[in-house]
Amino acid sequence: MNLKNNATISCDLLVIGSGIAGMVAAARAASLGLDTVLTGSSSGFFLTSGLLDFLGVYPVESSQVLESPFNGLDQLRKQNPDHPYSKIDNKTILESLDFTARILSSGGLEYSSAKNTNVNILTSAGTFKPSFLVPQTMIKGSSIGSGKKKILLADFKGLKGYSAALIAQALKRRHMDVTTVTIQVPQLTGDFNVMRMAALFEDDAFLHRTAKQIESSVQDREILGLPAVCGIHNSQDSMKKLENLTGLDCFEIPGLPPSIPGLRLKNAFETHILKNKVRVFNNVKVAFTAFENEQILFTTDGEPFRTQIAAKGVILASGRFPGRGLAAHREVIRETVFDIPVYHPQQRSLWYQLDFFSPQGHPVNRAGILTDSDFRPVDKTCQPLCENVYAAGSILAHNDWTRLKSGAGVSCVSAFCAVNHFHARKKIK
Amino acid sequence: MMFETLFYISLFLCAAGCIFQWVRFRRAGLMFKPASSDRFNPGRLYPNPVNLILSFLNTIFQIRLFAAGKIRWLFHFFVFAGFLYLVTVHAFHQVTAVVLFDYYDPTVDPFQFLRNLFGSLVVAGCILFFLRRGLRLRVNQIKSNWGSHLKYKGLVSIILVFLIVGTGFLLEASKIISEPVFMEMVEDYSDLEEGDELEELKLFWQEKAFVSFDPTVPADPEKLKNGQVLNEVYCISCHSDIRSSFVSCLLADLMSFYGTVLNQTRVDVMLYRVHYGLCLALIVFLPFSRLNHIFLIPLSIAVKNQAPKTHHQKTAQVFGASLFACTNCGYCSQVCSVYPHFQITGNPDVLPHSKIETLKKIADKHPDVSLWGLQKGNNACTQCNKCTQICPSGIDLQTLWAVTHRIFSDNALVNNQTFFNRILPEAWADLETEPRMLIARQELVSDLIEKTDAFENCIQCTICTNVCPVVEYDSKDNDYTPQQVMNLLRLDQKHLASGTRMVWTCLTCYACQDICPQKIPVTDIILELRHLGGVRADAVKLQQTVKKRVEIS
Amino acid sequence: MEKIIETQVLVIGGGVTGTGIARDLCLRGFDVVLIEKKDLNAGASGGNHGLLHSGARYIASDPEAAVECNSEIRILKKMAGHCIQRTGGLFVAVRGDDENYIADFPGLCDRAGIPFEAVSVRDAIKLEPVLSANLIAAYQVNDASINPFKISIENMNDAVSRGARYLSFCKLESFDMEKKKIVRANVRNQVNGKAFQIQAQTYINASGAWAGYIAQMADISIPMVFSKGTLLVTSRRLARHVINRLRKATDADILVPGGVVSILGTTSLRVDHPDNIHPTVDEVDYIIDQGAQMIPMLATCRYVRAYSGVRPLVSAGGDDDRNVSRGYTLMDHERDGVDNFITITGGKLTTFRLMAEKTCDRVCEKLGVDAACQTEVIPLPATRSGEWSEPGIPHGGFKEFKASGDAILCECEMVPASAIDSIINSICKDKGTPDLSSIAVRSRVGKGPCQGAFCSVRILSHMYQTGQMSDTSGIQELKKFLNERWKGEHALLWDQAIVQSSIKEMIHCGVFGLELEK
Amino acid sequence: MKLAYFPGCKISFYLKAYGDSFESVMKHLGIDLVRLEFNCCGYPARGEHFEISVFSAIKNLAVAHKNKLDIITPCKCCFGQFKHAVFWYYKHKNLKTKIDDLLDQENLSWDGSTQIHHLLSFLYHEIGLDTLEKRSVKKFSGKKIAVQYGCHALRPFSVTRFDHPYAPTIFEDLVRVTGMVPVEWPKSTECCGNPILEGHKALSLTILENKFKSASLAGAEYICTACTHCQMQYEMTDYESDIDTHGVKPVLFTRILDAAFGGKTVF
């Protein structure tokens, strides 16, 4: 990606944003043979859980946890015709999730689902979270939901924000049989960080020592829960080794950021798209300059090494507030690349509920960009803003993903479809 | 007799001067001797004969100087070659020419001609030197208001040389026109009495050799012919044609206008005394003048070639006298890699030739030395070896800087990285005195720590800390992690932040900066904190140097 | 059989006045019990600027209060110096402000004996570069800032060390009256639900805004007026001095430096009830717009939190609450037919010591004890338990404590695990129940820009890991704490704050699904 | 093709082998290297003195500009510093004015047009893998090698635009040209430790040792560098005998390439 000063590069598709939606869009575009450029920062993955949700709760008002996402999907479409899922049929949704799992697999990370049903994953707060596509290292944990397994929970002394006792108490409330063990890590003292912890899991000697420490607590236990720090580059192998050493089934419990499963996800996506010759402008912000001759022109920051990018199509997957796709001001919420009109509650007093944990969610979380059925952002008259500008991911309106548990699903699906639409339209021409 | 006594006295003084200088050089050498803790002790540095011969050849032909600067080489070569001849063949003719050539006499050719030739070479060289100075052709045009003391060094020596050769020419000329000398010669080497014959010889010398007689001998072609015959009888065996001493001849021609007066005042005797006196002065002055580089350069080159081969070993010791081989030609500073450093800060001690001067002062326990400036300047050195390569004196500057650096470290005048390694950030932040230096130094900075939007967006996610190799490998000693440093800034604790170990151990690998989800320029901020801490530390150290100065020298 | 606690004096209310009274009484040799329905400073004592007035603010409206402030600030600086930052204050006027008031200011100050110094506009801006370029006048006065949490904690600690008992989360339910006297107070522990009784000779109602409700239990009616004030906390300190607007006291005209932050306030809004108040979006916007006239940066800077307090005022008629005297009200209810009951309410943070002194004088009088007030002469000792309530200044010896294996649990305010442990210890010593909220009262936990997103979980995990917590209430605890934080957060969410709150929601709702937990 | 050769400060004394092999490689490729009167790139002053670090770099660029040449450097730190300086030169208007004044005094000026090449990016983008492949007469098939990217070229990407800051590929691609097999090792983009060698030697060497260990675990025989400072750091093993290299040898990329091209280098 060495670029000369003031170089101009052109491409078929520019993907703005390196979150899940951006990555899936770039991967899809590459698989369709499109010349693709990806910009944005992928470090947001550190803040994700590493789980790929689809639809976990609906309706949110009644906190209805869905056994199968498809159970709620029809109702969602009926009640909320503007939700991204309402623009896609079930087949395409499954196709896109399958595609995502495949590209992750090609990037070295296995994800699996439980036959069109949600998987309930234990989190480090002691809660269960419905998810859909789950990393191999966590999937075994779904079996504890039945309450019949004898569980052993391990934590590491000094690992902040994770306590086996806390989870155990929460599980006891659900009448589960659970014991805990704390593992000492002599290599790490004081205030150590998660990455170091995770890197240790790639060391066989450490695994042996850990297994040894657990040994006395194993007794009648059947399954072992660990914080989600079991290896960075080779987590599946580390997990398998640990299972062999302890004789227990092992699963990871996702928790506070910075999240190692998120990092694995980032690595897998990046490996895949770089392998497929997507050009990546990491941590570079692009500014929209003009529509010109059916091309959309951008410049990157960083004078005088400013690069002009001329793209035939754009996938706007810049995310919400944390990804800086949307910017909230005291009076108004703006979209940061094209300044597309953003749907949001007019007065700021209406943005948030008084209860942080209000089941129906905060209205501002349904703010976002309105699109047509092809995921093209529309203006006030509901006309597409531009022939070849598409939006995908969390920037889309009417998707309160933290409540619906639909974050990754909407990202994968909308990105996948948006690229398909772009590709179809390009072929016709 | 008196002249000889004076000669021996001056030789004695010269020897004493040499001893004095030797002691001085040794003392400088002691400053650069290896510390007992050093792993590499190169032993004592003495030149071996081969190296000495090689460097002697360099001295004669000044090969290194030729490589560095042609004009400079030219006048050096003129002066050196000319003066070398004059000293060996003319001044010490009794031990050289007289012994080697049985027909030697200063007034016969080729000696008379060669003396003039080499003398004029010296004069030409000197004139070139003065012209170059006067026309500011000097290569070292470093604009600064410092170091006027450097400008006049060497000027004394060249003037002395010029005066010696100049008076030599004048002496020769004055002898040529001198009637008394002529009369003495006639008395000593002929049997001529007052009369026509003498008159004829006088006429011949008056016409052909510019001797001024009082009264003037009237011209007569017949007598002149006779005079020539007489000349062939009495004089020609010791006097070649006067015109082969082309410079003196010219001068004599000019002087003969005032011949009578000059002869009456015995100006030749006077000039002889002046000429001789100047030569003695040169001998006495030799150990202290710039001219000593004639001896020191070969010595320093010989030692440099002698020293151990690896740089690490070399840093153990520097030959003290090589400091004094520096002629302040300034070529080193001209090629210095960190010259822009000097351009921005104006600290002369960034530049090699000024650093040497300061080091000499330290070696001499000079009371007025800016150790701080030298330390700053020396720290800026990138060890690019360019100065060493170009140095016409062949001083091992590269090693010199390394050793100087070590001396500072040994004397607790450490660089900022080490300085902050020894300080507790809390104590550093509590430092009451906001040094005046801070206000005095108007610098442009990237300004990130003053702009809240650079770091305020930190969400304390600790991703930067997680990717930081320093945090990973230095967990025992590290204090604040990168995101904590950012947080300190938010808490308005920039001085505390600038004193943290994290800031000074940072590898500047930018891993944190490129992964920050909030795009906080973590590394750039850390670098700026270093800058801030550095400025403050400099001020603190400046106060310390006053105390340290005594100890170091 | 219900437990009965016997004591000489029962103080109701653990605000700065209540704790001040408890200490004052202890110094005079009384046996004291203090009950508080929540935790220290749960009311107005915890919801103010933390400003010690020089008095200059009241010179026109309430000269008497101005004189009181002036003398109290001197005493407090001497007696409780470790809780006070000698920031100094500025009174500044901008173009458009009432020029008559500006002109009268020096004269009024002189009359009240309040030291001041006129400062040129240029010097004022040099002192505080954040000030508006529209400045027209400036005076320097002796304002200071105080850490109200620290002063309460220290007062209570000193009282406890002198024999007082502090019962937190104990709510007064009713009085048992007999013959013009209160004989017993019925109290219920809010944590475990157990009821008990306290028998005292004298009962002091120092419950601030709730004074009316407490008095009601003794069949006494106090005409309370509740004036809600909202304040905003900036994410970093903007100014070194307290900056007052030089105008007739009104809304959003004071910016107080509180350690590493600045606090902007306040408003005055009549409310019906002192409970469940929280800042609203309209108030926030109004405060910012007003403040920005004086300090333009306030329009763009980041705010981490807004909070509201209720001023307990005793009505004297009239509509504008600012006209109601900010002076304190001391009522001996003998006149209302209850002999051993005293109410102290109203007043200001600055004069809390004086209020305590006057109250205690009355107690002495009633009980016929001859003991002089000593809070004027015995300095308040500094203890370690108040230490971590200091805003964010990182504590010394960071390196050593890191080497000893201590971990930072709250990154924003740099609170290490050892601090949490010592806070928990001191709470346990007071027979309290350590939870996230009570730790938050005693430290800076949750008060930084992340507003509890990370530290809540870390501290909770730490408490479980070390066995300081072992029941199933963890998730509820977490939700309660975060919701408490949310009250002060939701009205301020735009720009960077919304980014951070989104991340908080991502963690606690998106990943943990806490909203699904009942 | 003519390029201004910016060797950096350390090569001439500490790492002659790099300079020699670099020049040899360039000669093979028909690149005419011009030596100009350059000064330090300003990297050592980064963090020490902002103005100096930027001015030094811009002055070099101005010298190259005067000669109408683009710059090529074999050192990652020099490369990164040039980019970094240019970034600040344009960002900081007061600094630009001051530097322009100083340049003006020496009859220099810079308009931003000078291209800055690092050895690797130059080979990859300007020469091309095909050409290199064709020129490689000797292949070192099967030798496993770990490549060391240098931090200052990689990051921050928005300034250097070298390659992906965490998953770079160009070095691996270039190494493959010689028939060597680049191994995947987690520390390929991590710092070598050189910047703190003086101030925190022990830590610096710990970092170094861990790099050797990591490369060895990945099965590499060599660690390949294309940066003066990285190579100097790895060569610390020559002076500190107690560093455990795990049998991994540091090698300069240009030496491999020179050998592959049939140059004088014996490898």
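Residue numbering begins at 1 within each chain, and the chains themselves are lettered A, B, C and D in the order written.
As a convention for this text, a contact is a pair of C-beta atoms (placed from the backbone, for glycine too) under 8 Å apart; a residue touches a chain by one contact, two chains touch by 3 or more.
Given the structure is predicted, the values throughout are model-derived calculations rather than measurements.
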Comparison of B-C and A-B by number of C-beta pairs in contact, larger one: B-C
Separation of mean Cα positions, chain C and chain B [Å, integer]: 74
Euclidean distance of C-alpha centroids - chain A vs chain B, Å: 69
Interchain centroid distance [CA atoms averaged], chain A/chain D, Å: 36
Centre-of-Cα separation between chain D and chain C, whole angstrom: 59
Residues within chain B bordering two or more other chains: 461-462, 476-477, 514-515
Where chain C touches two or more other chains at once, by residue number: 402-403, 408, 454, 499, 503
Sequence positions of chain D contacting 2 or more other chains: 156-157, 165-166
Every chain pair in contact, whichever chains are involved: A-B, A-C, A-D, B-C, B-D
In the complex with chain D, residue positions of chain A that touch it: 1-5, 199, 232-233, 267, 270-271, 274, 280-285, 300-305, 307
Residues on chain B engaged by chain D in the complex (per definition of touch): 311-312, 335-341, 343-345, 379-380, 382-386, 389, 398, 415-418, 421, 443-447, 469-470, 473-474, 477, 504-511, 513-515, 521, 523, 526-528, 530-531, 534
Sites on chain A touched by chain C in the complex: 47-49, 51, 56-57, 63, 65, 123-130, 155, 157-158, 160-166, 169-170, 172-173, 182, 189-191, 254-257, 320-322, 324, 327-330, 347-349, 351-359, 361-362, 364-365, 401-403, 405, 407
Chain A-facing residues of chain C, complex: 278, 280-282, 285, 288, 402-409, 454, 457-458, 460-462, 464-465, 467, 470-472, 474-475, 478-479, 482-483, 485-487, 490-491, 493-495, 498-499, 502-503, 505-517
Interfacial residue positions of chain D with respect to chain B in the complex: 9-10, 12-14, 37-40, 42, 44-52, 55-56, 59, 88, 92, 94-95, 98, 102, 151-152, 154-157, 165-166, 189-191, 193, 195-196, 198-200, 203, 206-207, 210, 239
